[in-house]
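What follows is a set of structures to go through.
Each of the next two complexes has chain A plus one more chain, namely chain B in the first and chain C in the second.
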Partner chain A sequence: MIKTLTRRGLLQSSAVAAALALGFTACGGGGNAAPQQTVSSDAVEQALQKGGKLTVWAWDQSLKKVAEGFEAKYPNVDVNLVNAGTGNDQYTALQNAISAGSGVPDVAQIEYYALPQFALSKSLADLGQFGAADLDGTFTAGPWSSVRAQGGVYGLPMDSGPMALFYNKELFDKHGIAVPTTWDEFLEAGRALKKADPKAYIANDTGDAGFTTSMIWQAGGKPYQVDGTNVGVNFSDEGSTKFAETWQKLIDEDLLAPISSWSDEWYKGLGNGTIATLSTGAWMPGNLVSGVADGAGKWRVAPLPQWEKGATSSSENGGSSLAIPAASSQAALAYGFLKYSNVEEGVQTRIDGGAFPATSKDLASEKFQNTQFKYFGGQKANQIFAESAKNVPAGWSYLPFQVYANSIFNDTAGQAYVSGTKLKDGLTDWQKASVKYGTDQGFTVKE
Partner chain B sequence: MTMTSPQVAAPTGEATPAGRTTRRTSRRASRRSWAGWWFIGPFMAVFALVFLAPIVYSIYLSVFRNQLIGGTAFVGLDNYARALGDAQFWSALGRVSLFLAVQVPVMLFIALVVALALDSGRLYGRSFFRISVFLPYAVPAVVATLMWGFMYGTRFGLVGNINQAFGLNLPSPLSSELVLASIGNIVTWEFIGYNMLIFYSALTVIPKSLYEAAEIDGAGQLRVITAIKLPAIRGAIVVASIFSVIGSFQLFNEPSILKSLSPNTISTYFTPNLYAFSLSFSGQQYNYSATVAIIMGLITMAIAYAVQVRGMRKER
Partner chain C sequence: MSVQTAARHGSAGASSPARFRTTLRPPRTRRRSRRSVALTLLMGLVLLYSLAPLFWLLVNATKTQDGLLNSFGLWFDADFALGDNIARTATYDGGIFLRWFANTVLYVVLGAGGATFLAVLGGYALAKFDFPGRKAVFAVVIGAVAIPGTALAVPTFLMFSQMGLTNTPWAVIIPSLISPFGLYLMWTFASEAIPTEIMESARIDGASEARTFFQVCLPLLTPGIVTVLLFTMVATWNNYFLPLIMLKNPDWYPLTLGLNAWNAQAATAGGEAIFNLVITGSLLTILPLIAAFLLLQRYWQSGLSAGSVKE
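The block that comes next holds the complex of A and B.
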């Protein structure tokens, strides 16, 4: 079922990235031909046996157990797992280290939306040299297409993020509010909740670029068009407008908690009934288990609310790969870790920790589908996630400079959350700023 | 360099301004200067490596442009022209200028009052007082900001607790209107102790005989302060002001950390340094970022110099 998950947009932008990164064959050693394996599996195995100190930058909590298992299997390897920030913060730090040429980790967690940009700037090693191209079919189509690009593989998929609605059932039951199935019902539920408990909010949102683009994606919007070096940015299409209108009401009526995701307040709010729902990717359960212990048993999962009643449209939010920065001096050892974590034993370790894998075999397994989540009161949540993965609209693209675009989201669209600026106008400002940057960077950008 | 003033500089060449003698003199002078270089060599090497080289490299970067598509090209002064017309850069500069105009006087005034109180000799538990005022300076700025950021929280932080306990509805210190003042509060808290120490050490070296003379003349404490203490520590005040001017223009840690708590009220161009940081590390516009940094450096130097000139002129 997961195979139908198409991420053509990302495939396109990644392909573009590779096409543009002229000369990005230094590591592959195979000229412009298909990825050639130049480092044998034996060499990787030798590196693993020989050991060394491996620095891994990742914020995904489930990797801790993976690192432990890896160290147990290869006792000579010492994994130094560093949380260098989540998402953009980590990319900034990584960019920083890459430009400085020192302190670059051997392995970095990079979300699918950010891979094209790092590949474009020649910052990542082509895993084709280790024979990664042979892993075709190991991962589900979407994530695999996101890490692949013409002539190269820039990372190994770690997870994917089909979206779902996580909600605090206890809170909904207490106030007798029905779980929303459409975004209009979501708005109504937000009003009802606020009336019942002025301290509770239907959701938290301080303006999040990834969330906004995912929501527009679900609504059928296609604000980004990428074709070679020609890039289109347009936030006035129907999908974007639908989102902006509904969200404007939530903002105006003060129904969104002004708490930034991943902050201390956020973790607290999820546990103590301040934040009632969370619309996010299927990789979330692991974070809830480790970060919001108070919520155990209270939370449940439901399909993402719809823009039209009866529809089944979904979206992707986040989802990461593990990649090897080109500057790493221990690429073979690092690749050994990637394989262990994302293909071999590590996958099961991560599933046990609540992660949503990208490997076809594990997703299709009965064991996975029937897993009961203790945190969600025994619910078989994977069935909802797997269903969601099937219903992601095709044709979505991220910009080849999405990391920068996301970093200025709060300068522009985010203003709608703190001032009289309308979200629609904020999105237009974001569009203009993105167009300006793209043009500065030599892309042909049209609005 | 001594050659510019012939009377003082050249004991052997004073009589013959031209010809062979001069050449011999300069040869001898150059031999002498080599000996000098041996002494300042180690310093110059480090100075060139950690001070001159980065500046030269920044200037080098600032005349190029690197695009994701198209690579690097020499663009002359284009980046400078762009920066001078960049509304985001000027808004950042305006913000730190406002910060400078309000926060620095407040901080220096409080530091001065504390230093005078310590120096008055009427304070009970003086060393305890001194160390506790100084203590915040010993707290790393990052930790201090995280701590204050937590206190500023309107939900679970100190502000939230106060609201709950007294049924108040205090505005969020991190709202658009208050965020600059809140950052000013953190910086003031951090640096009062540091400035106090500068003032206090200047106060302690004033000869006691001056106070005795003032007492004989019947001057009160206030008169002693205005007529003796303040003029005597003017140099220290100028130094503290210059440090504060530079510190204000370099404002970075506090807004950068608070940004994660309040992403919409602290923009990526909140201060010039934050702007340069975002340009290079999120936007990979290293060349333009270097340009912004150089212009900021020049402006900071100009203003610090103006403060110094003005401060010293008063002293005369």
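The block that comes next holds the complex of A and C.
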């Protein structure tokens, strides 16, 4: 009967799969019990020379060229690059494969927010055994702290998303509005824009967990405290409050376009002047070029507005690592690929393909900093991005069940965007739901 | 359900000339036409409801990615790019769309074809032969109809992965071979469409069981077979969830998964938004199904056994 699928049946069974995927989080337990086995870099080199077939699950398109370069350098290795779904779909597939014990890839692309979930359940190999800890300083602080958990290194940063303000300069100029440098000015600009053109919005937002946590991160909030299986969730700190208060005003005054990011409507709004700004990660230019051809020449980049006038605080949004599932039988070879792709030649290949690197060296390089973006009217946008990468507040962590927590954001905090619920109360609801789920999964969760 | 519809279709077709003649009588015509205004209106609405999405698809398949976002959704853009879209759909990412198309055809031919074949054999046997355990089979089949296939997908995945079959075409084809609904349909159809007397006379004339089945009974079953075939074809062609969890290698994706992957691409960092190709691809995807319906629908209406037996 597998064939008579109804849409409802499909949703139900997706839920089954999701439950299957999420039921694993807290089984790992107690920290670094396994003795740290160190494999010399010779072993990795040997594996590369000996070769083999390496299965890589990733949706990032720039990896195709990296894989070609890797195969050219190490002719005995055959890379099988598989797009097993984007984000959540891939995590579900990966978890299913891990539970089934077969079909597990040797390398998987995992976003930073999802990495703790896989790391804590011991689904990923600790790269410390290959000496990954020596790479300290190779990557910018934000991504590097994201791949470490409980004293281990569970992935190598592939790209990063230091945040910046992308804005439609043409629209700002037309209405004589100054580009905001603080979030209060952002609010004022939103009001002025609405007055000048009722159809234009300062930004679009329908409730986005990743964006919300990034904003709280910038404001200095630390809603998540993670120490092994002891977890704290608290959205009443100062940073979270600052965000909730400002955003509440934007919501109340209808200054945010009710358009979800990544929808076709969104691409349209970015092109036709409905959406005036976009506060997002430095990986955005590639998407603007291919998805919003109309905006070429109209858009510019500015530093992210600040919570305190004159401050330089920034944040990270998005970005992925490459990790090695513990079930892979070719961890040494896989690590060779990780290093090639994320530390060595592959980095430049990906930069050329439009990706934004996580390596400090490349961010500082003259060639990178002086790249002129035709789309942004010749602006050297990388300078703003690289500066942003340096100013990400330390000490942020995501929950070891962040994938689930993000999936319920719109049922809780996101209600503030569609109903009379206050964002502050919505965040409290999100906190409660996250605490309950964490406790059910066997974590010790404090509010 | 649809066998009855098909059967009714057949009889309606047979008797309509007679009815047509009666409608020529003036007083009844007026009454009928007054009644049909509401019905015609309703049918018009339903027609609009079903055709509007198709129309939208057709219109928007002719637009460029830019035109898609910047022109009125229900009418053509100045720039007519259908040919270009089709060419790009077929060649994008190394021509992977054609590979997905071929995969889908493979799954439909083996999966839906096999499911229909098995359903016909089983339905015929259950309808025309008396053997111990028939009631039990009936209970199992009815029970199987009641279980949504998606509920079985995850256990099936775990079983297949132990057998090392995931990520191979077999993981999609084998589960597609089982169609309890098709079996039930053939069973009901066979017991009505094949008069036992025909089988008996075939046997008396010395035909073997196989010959009785293939040469005498099978032609009588044609409308039922076509119905089951269409059902299983549509189900396999549109199958999404099963391949979603079974297949990770895009080289084995059917069109449904492939188009979804293209669509998801717009929502990733550095990903290229190709909504125009997704829409053109969707249009190309439904064409074979439309063709299959148009070509096969006449077989529904042929009530072959009508009048073959005098009772």
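Rule of thumb we're sticking to: the second predicted complex is superposed on the first by the 272 of 447 C-alpha atoms of A that agree within 3 Å, B and C clash if a C-alpha of one lies under 4 Å from a C-alpha of the other, contacts with A are read in each partner's own complex, and residues count from 1 in each chain.
Definition applied: a contact is a pair of C-beta atoms (placed from the backbone, for glycine too) under 8 Å apart; a residue touches a chain by one contact, two chains touch by 3 or more.
The structure displayed is predicted, hence computed values, not measured ones.
Asks: Please indicate which partner A:283 is in contact with in the superposed arrangement: first for chain B, second for chain C, both, or neither.
Replies: After superposing on A, A:283 lies in contact with chain C but is clear of chain B.
Asks: With the two complexes superposed on chain A, say which partner A:96 touches: chain B (first), chain C (second), both, or neither.
Replies: A:96 contacts both chain B and chain C.
Asks: Is A:403 touching the first partner chain B, the second partner chain C, both, or neither of them?
Replies: first
Asks: Check whether A:264 is in contact with chain B, with chain C, with both or with neither, and answer first, second, both or neither.
Replies: both
Asks: In the overlaid three-chain picture, which partner chain does A:353 touch, first (chain B) or second (chain C), both, or neither?
Replies: In the superposed model, A:353 contacts chain C only, not chain B.
Asks: With the two complexes superposed on chain A, say which partner A:247 touches: chain B (first), chain C (second), both, or neither.
Replies: Neither partner.
Asks: Which chain, chain B or chain C, is in touch with more residues of chain A?
Replies: Counting residues of chain A touched by each partner, the higher count goes to C.
Asks: Is A:373 in contact with chain B, with chain C, with both, or with neither (first, second, both, neither)?
Replies: In the superposed model, A:373 contacts neither chain B nor chain C.
Asks: Under the stated touch criterion, which partner chain does A:70 make contact with: chain B (first), chain C (second), both, or neither?
Replies: Neither partner.
Asks: Which chain A residues contact chain B in one complex and chain C in the other?
Replies: Residues 20, 89, 96, 99, 264, 268 of chain A touch both chain B and chain C.
Asks: Which positions of chain B touch chain A when the two form their complex?
Replies: Residues in contact with chain A: 67-70, 150, 153, 155-156, 172, 175-176, 260-265, 267-269, 278, 280-286.
Asks: What residues on chain C touch chain A, complex-wise?
Replies: Touch list, chain C to chain A: 65-66, 68-70, 111, 115, 144-145, 147-154, 156-158, 161-162, 164, 166-167, 175-176, 178-181, 231-232, 235-236, 238-242, 244-245, 248-250, 261, 264-273, 275.
Asks: Could you pull out which chain A residues touch chain B in their complex?
Replies: 20, 88-89, 91-92, 95-96, 99, 120-121, 206-207, 229, 258-260, 263-265, 268-269, 274, 400-401, 403-404, 407-408, 410-411, 414-415, 417-419, 437, 440-443
Asks: Which of the residues in chain A end up touching chain C in this complex?
Replies: For chain A paired with chain C, touching residues are 1-6, 9-10, 12-14, 16-17, 20, 57, 59-62, 82-87, 89, 93, 96-97, 99-103, 159, 161, 262, 264, 267-268, 271-272, 281, 283-284, 286-287, 290-291, 293-294, 318-320, 353-356.
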